[in-house]
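Shown next, in structure tokens, is the structure this report addresses.
Naming follows writing order (A, B, C and D), and every chain is counted from residue 1.
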Amino acid sequence: MSESRFDNVSPLDFRYYGPDEKLRALLDPYVTEKGRVLSEAMVEAAAVRVLARRGVCSETVADEVAAAADGTSPEEVAQEEARIHHNIRALVNVMRSQVSDEAKPYVHLCLTSFDVIDTAAAWRLQQAAYNGMIPQLAELQQVLIDLARREADQIQIGRTHGQHAVPITFGFALVGFVSRLGGRIEAIRMAADNLCGKISGAVGAYNASALFFDDPDEFEAEVLAELGLKASPSSTQIVEPEQVTDYYHALISTFGVLADLADDMRHLQRTEIAEVGEEFEADQVGSSTMPHKRNPWNFENVKSMWKAFMPRMVTVYADQLSEHQRDLSNSASSRFNPEIIVGLANSVQRLVRIMSKLVTDEERMKQNFEMTSGMVAAEPAYILLAAHGHPDAHEAMRKLTLQAQTSGRMLWDLICEDEELAPYLDKGDAAGSASIHRHRG
Amino acid sequence: MSESRFDNVSPLDFRYYGPDEKLRALLDPYVTEKGRVLSEAMVEAAAVRVLARRGVCSETVADEVAAAADGTSPEEVAQEEARIHHNIRALVNVMRSQVSDEAKPYVHLCLTSFDVIDTAAAWRLQQAAYNGMIPQLAELQQVLIDLARREADQIQIGRTHGQHAVPITFGFALVGFVSRLGGRIEAIRMAADNLCGKISGAVGAYNASALFFDDPDEFEAEVLAELGLKASPSSTQIVEPEQVTDYYHALISTFGVLADLADDMRHLQRTEIAEVGEEFEADQVGSSTMPHKRNPWNFENVKSMWKAFMPRMVTVYADQLSEHQRDLSNSASSRFNPEIIVGLANSVQRLVRIMSKLVTDEERMKQNFEMTSGMVAAEPAYILLAAHGHPDAHEAMRKLTLQAQTSGRMLWDLICEDEELAPYLDKGDAAGSASIHRHRG
Amino acid sequence: MSESRFDNVSPLDFRYYGPDEKLRALLDPYVTEKGRVLSEAMVEAAAVRVLARRGVCSETVADEVAAAADGTSPEEVAQEEARIHHNIRALVNVMRSQVSDEAKPYVHLCLTSFDVIDTAAAWRLQQAAYNGMIPQLAELQQVLIDLARREADQIQIGRTHGQHAVPITFGFALVGFVSRLGGRIEAIRMAADNLCGKISGAVGAYNASALFFDDPDEFEAEVLAELGLKASPSSTQIVEPEQVTDYYHALISTFGVLADLADDMRHLQRTEIAEVGEEFEADQVGSSTMPHKRNPWNFENVKSMWKAFMPRMVTVYADQLSEHQRDLSNSASSRFNPEIIVGLANSVQRLVRIMSKLVTDEERMKQNFEMTSGMVAAEPAYILLAAHGHPDAHEAMRKLTLQAQTSGRMLWDLICEDEELAPYLDKGDAAGSASIHRHRG
Amino acid sequence: MSESRFDNVSPLDFRYYGPDEKLRALLDPYVTEKGRVLSEAMVEAAAVRVLARRGVCSETVADEVAAAADGTSPEEVAQEEARIHHNIRALVNVMRSQVSDEAKPYVHLCLTSFDVIDTAAAWRLQQAAYNGMIPQLAELQQVLIDLARREADQIQIGRTHGQHAVPITFGFALVGFVSRLGGRIEAIRMAADNLCGKISGAVGAYNASALFFDDPDEFEAEVLAELGLKASPSSTQIVEPEQVTDYYHALISTFGVLADLADDMRHLQRTEIAEVGEEFEADQVGSSTMPHKRNPWNFENVKSMWKAFMPRMVTVYADQLSEHQRDLSNSASSRFNPEIIVGLANSVQRLVRIMSKLVTDEERMKQNFEMTSGMVAAEPAYILLAAHGHPDAHEAMRKLTLQAQTSGRMLWDLICEDEELAPYLDKGDAAGSASIHRHRG
């Protein structure tokens, strides 16, 4: 058995999550193996609590089982599973061993394995969203709002195709990410709200609980209510898979927004652009042989994590298929899915840290803006010419900009000298001319 | 240029969609190249209509442009694009060539390419959902509802891991798909409702329209309202990508439900199971060398189409990233996305056809159910033993079922003969015993 | 920091690999974080060894560095990295702290970070193939060969589309997997052989080593030879990515063969087919509520692991792109790739265990074969009729099989009674008739 | 049925391939539906040719069938398939209708559908590689070789993380792509050589041909030799899937190299970098509203096509799984795979066109190089200090570069003024100093 995190094979365990006390405090109960076992024990306890409420067993029994659930040892469950090769039966056996003979029969009564597994999973995913990702993303959104406000009037050249286009402010560029992030937070919240459990027994037919109750669906609803969950609209051995599919889609598409932001920031750090910078710590080393390098490694890391996790959505989609009332071929695969939560949380936290200290170089933004500032007159000139009736303003401007680039002269001067254009410009109203002047730089 | 559909390389064009008159009547305006060009011309016309309403040009001009839009020839646009290498400018040039000199300047005034491209795309995707996929899926859902009603009492053995588990009815199995399909229809509707356009100009900064109007966002809203669309909460050169990401997620996750249904049906057609069958036409050939074969090829086809289209979601996720105010590296890729609509529509239509004629073999369902009918007593017996205080009912039943399998004797007989179990069974209440009896088969 | 494996988030670390002493003995040096650090230290030591051989430093220095490399503590490297935020510089600092002042300057001399990272990675992947996966796969292949020999004459019905087709033997079915597995072992070997290192310095330009040597590429070759590696045909800051792409393709496509085998085996375990079975241990529990269930969970697990790991190839393909002489956005992502090795190794080992104890039910194979045994006469009958000049043998047989299915009569009897066919059957030569008889069952 | 290519839904058919006469001349027989039908007819004819050679039928019959194969009409086959719902039987029926009664029985004799389908597919994929992609890629490689020679001495700043690193030449940067492309051409060739056919009958058991021949595997080899193919090492109803998996991996990984090249080129075209440019045609329009824009749209297109096609490898991997002797759920999906060939060929051709006219701006390369030219002294200085025994050269240089950046002074001046460094620099040999001087710029 591993003695240190360096014996692990997952970069999450040895590098990105395991050593991160802050993130672990937020997510451990929902993403670790220990968290899985304890949440499953919690479902078992919730079921017995409702059995007691309905008079099938005593409240004392329910208390006993609840205590056993809280104290469940993942090690013991693992050892029992190694013996009998069934994970939920192992949990049940361990819990039964902790309670009185009176209580023993009520542990797992009326439940099938996937009542416990899927319900506990829904609870963990929902809690990870409510307590982990949503607050984290809200924090990132606030950092971006603050930054956008700070940079609201900071002129920047807008870029399409990596080419200078028309003027924006840096704050404007950031506001787009605020909006997109807000949309994703809402998507995560909706998907988390929609996660459901099931206490419908083997193949979802309520065969077991119907032996005890005339209203097995009410029994199901009561057990799930103990955990703050609703029942799946339908279920087989498992809940409807689409609830989880939607949830991971919300996460993966959120990851895409982060990666897009990171991509923009690292390109703005290119030596030739240099409009923004990650704050460097005093002791930080940029390159092992090139001591002068200051790499945008945090933004690169976010892009890279997205590349690692985005394709896993294929697994989630593949797991929508389960033969008949279910086959187990989505069991091992779905165990890996919560890694997506951890990868995303790591990237959100990283961006919070970096974006809240983002350095802007106003001078460079101005210089870059002015590189082609003559050219930004092209768009308003074209529009005013068109508005004043020039029959082919776009073509006229295309030729003049070509001429400006060849000659190195300012575009505006060429426009003013052009006799063919004069009649249309004279018609230009004050507002329009002012606009063009505004863009002359 | 291709002379027949057999010169095409896409199976959609030569096989699954091109020859399907019914599907083409439903989707052509939203998924073909012709549909793309015409919808983009429609956006250009809508913008001029609002310019006229706002007094920038006359209504006559707007009428002229609208007529030009309706009559746009994709061939001419393609020829012009081959000349100037810019697709929207090509469209604009062709439209301008169809209108009077007075109208010419107003075509594309205040618009940037992606105002037209993204707005037209949102309109096409939305219409494809409203007019194509949602009605189709509702039809499939109705077919499944009818079938579920017909088979509501048809006993079937529930299967987990491909193994006989506990009893269900075939109707119950189908109801799960009704519910899941209903959830997906709702997901498609929400995603389609959320598709937005943009008329915010180059890099989304309203630089152009602000030259004309004090309320450029109102201008945007008016143009989009002409098409039944809302404005994107934020935009750069392009709308927020997540609107489209969510849309395709809704489609791809719907495809997963279809594939799961198809998988179940084709396994139920296995020679050894043979509980259902696709209706065979009289002239149909099952195998080129094995004349006796009756293959579940329609269900196999649906599974296969899902395998072809599901991974394309990776492209959609990758296209969330676009550098700065956009780069064009999501242009070609996004042209392929509507193929997902066509692939899905083909599979929905196929399932409507096959499921509405699905043949059930009641006799085989009964035979299969009885194969292990002695064993289905195991679950209720275990539960009643536990409910009546047996300290380890699961283990007791596990051993008895092993004994039943080894000896070939009926499980129920072994249970009744077991002296250790007798005290717990005697305690059994009437309802419980009745339940067990119900399951004796 | 994690205290037990149950605090981990990766199922590999807490479940599928961490607790598996046998697999860890095979793979730990190549897949854990500790293995990574030690292999990178080994590359540093190899470079100094060659510096000494070339007279740049003394052999004593090289010995010192080699000792420091062997004793490198991953914990200390991690602590230093937390301070300076550069992983290779951290390793260098730790190694330097272990050697004399004389030796200090030679650690990492002439190397850039990725000389160390990529070379060590190539070594680890190559060794994991040579010492781990190839021997494991050879063992699995041998298990399948033995099984195929044992089942060489075991008649089984061949199945296409899940439908009974024509006769095979179970051994024949297995031989296909032996061949495919052999092809994949060869593919892994070729890809592993082709993994290269680089000692070409920053951006691959040999700028640093060219300050010392006239033959920097010879220096590179000598360092790599210490590790049994060749130099990449070209390199930038990194080796040509395709070497690693090919390697993981070989693994992922091998995983596909395992998943296909597992899929076949679990379907052959279906209750209605029941031709094979996983051996169950005496204490094993099949279901938590259905004590009679015997699930093919090991085969399901292999299919499921394939679903978890196959999509990761998308990440590997995405990492072929690295801007200019490299950007770091393939760094975090590539740290996850060795998990593919671990996932594959787990599945190979599982199949070795299960397939070597696979139980065949000869009686069921015979029963299943006979279910439609009348029908298997269709193919040879059709062929002989055609061979003897029947103008449309396929159509004739198609109708007769339809008639046989409707009437429940044996196909062969219908053939013999058919007057239209008689002239062609009379022409049948002895061999042909014998063949048909062979298939009458 | 579609009347023009604008009624198609695939961008390949209406935009990227359909209108491209040059590419169609190269690939049509291997990628269109017509090509599929004709190649399958060719396999049917080859089989009859061998039957004749072996005396089963006359050479006249073989000639008749060969003529029928050449003249097969895809339209007629499609019509027949619409009637009988079996594609190969439809082909067979159409071919039979074209030959004499004597010849009719020999069409498709001894073959199963997938003997024809898989063998014809192997032939098409192989020919597409030999006649299409390999010559195309060789042409691109030659363009890059010529360009690399032209730019062999063109100084350029090497970039890692988008940051200036150490000097290279532009030719050096290109040579890496020459090497990687060479590796991929070799990979495609190997994979194409390894594509195999099969004439082993239903489920690969030679049941049919064994009725006629004692050496059915020899018969198979002879038929395949007619088409220049070998037999698959093993087969079921289908050939070993890995042959095709490897083939598409070779294509997809080649696409990755193209995308990486395109990415580098488009970033070098950024306004602030501007080291290279796509040649613009005189009439070309860069932007519909910004007449001054010159977008790297061809390189963006290549990146975008890669994003569209790369994920399809997931489908190819999924198709390695086929139940038992095969199920049809990889039929529709595999029909889409040849689109990968077309997408790749389009991108190769585009890069040939653009790279052969690539414009380099020597002045900008020099300016960019000099932006941080003081800093490139850092690496050689660090190395020489270390080589001459400085105990912590890296740290010393890290501090000096920080100082240079803060003060705006030249790094080399700071180095020379530093008293602590002086003793180590005095030891510097001539070569080393010369090297540093070389890099002072």
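By our rule, contacts are C-beta pairs under 8 Å (C-beta built on N, C-alpha and C of every residue); 3 or more make two chains touch, one makes a residue touch a chain.
Not measured: the values here are computed from a predicted model.
Two chain pairs, A-D and B-D, are weighed by contacting C-beta pairs, with B-D ahead. Per-chain Cα centroids separate subunit B from subunit D by 31 Å.
Multi-chain contact residues of subunit A, defined as those touching 2 or more other chains: 89, 92, 159-162, 165-166, 202, 208, 266-267, 285-290, 295, 297, 300, 310-311, 313-314, 318, 327-328, 379, 383, 394. Taken as a contact graph, with one node per protein chain and an edge wherever two chains touch, the assembly is complete, since every chain touches every other chain. Against subunit C, in their complex, subunit D makes its touches with residues 56, 89, 92, 96, 101-102, 104-106, 109-110, 158-162, 165-168, 172-173, 175-176, 178-180, 182-184, 187, 202-205, 207-208, 210-212, 233-237, 240-242, 245-246, 249, 252-253, 256-257, 259-260, 263-264, 267, 310-311, 313-314, 317-318, 320-328, 379-380, 383-384, 386-394, 431-432, 435. Within the complex, the subunit A residues that touch subunit C are 1-2, 4-19, 28, 31-34, 37, 74-75, 78, 83-86, 88-89, 92, 108, 111-113, 201-202, 208, 266, 281, 283-290, 295, 297, 300-301, 303-305, 307-308, 310-315, 318-319, 327-333, 335-336, 338-339, 342.
Contact residues of subunit D toward subunit A in the complex are 157, 159-166, 266-267, 269-273, 285-297, 300, 314, 368, 371-372, 375, 378-379, 382-383, 394, 397-398, 400-401, 404-405, 411.
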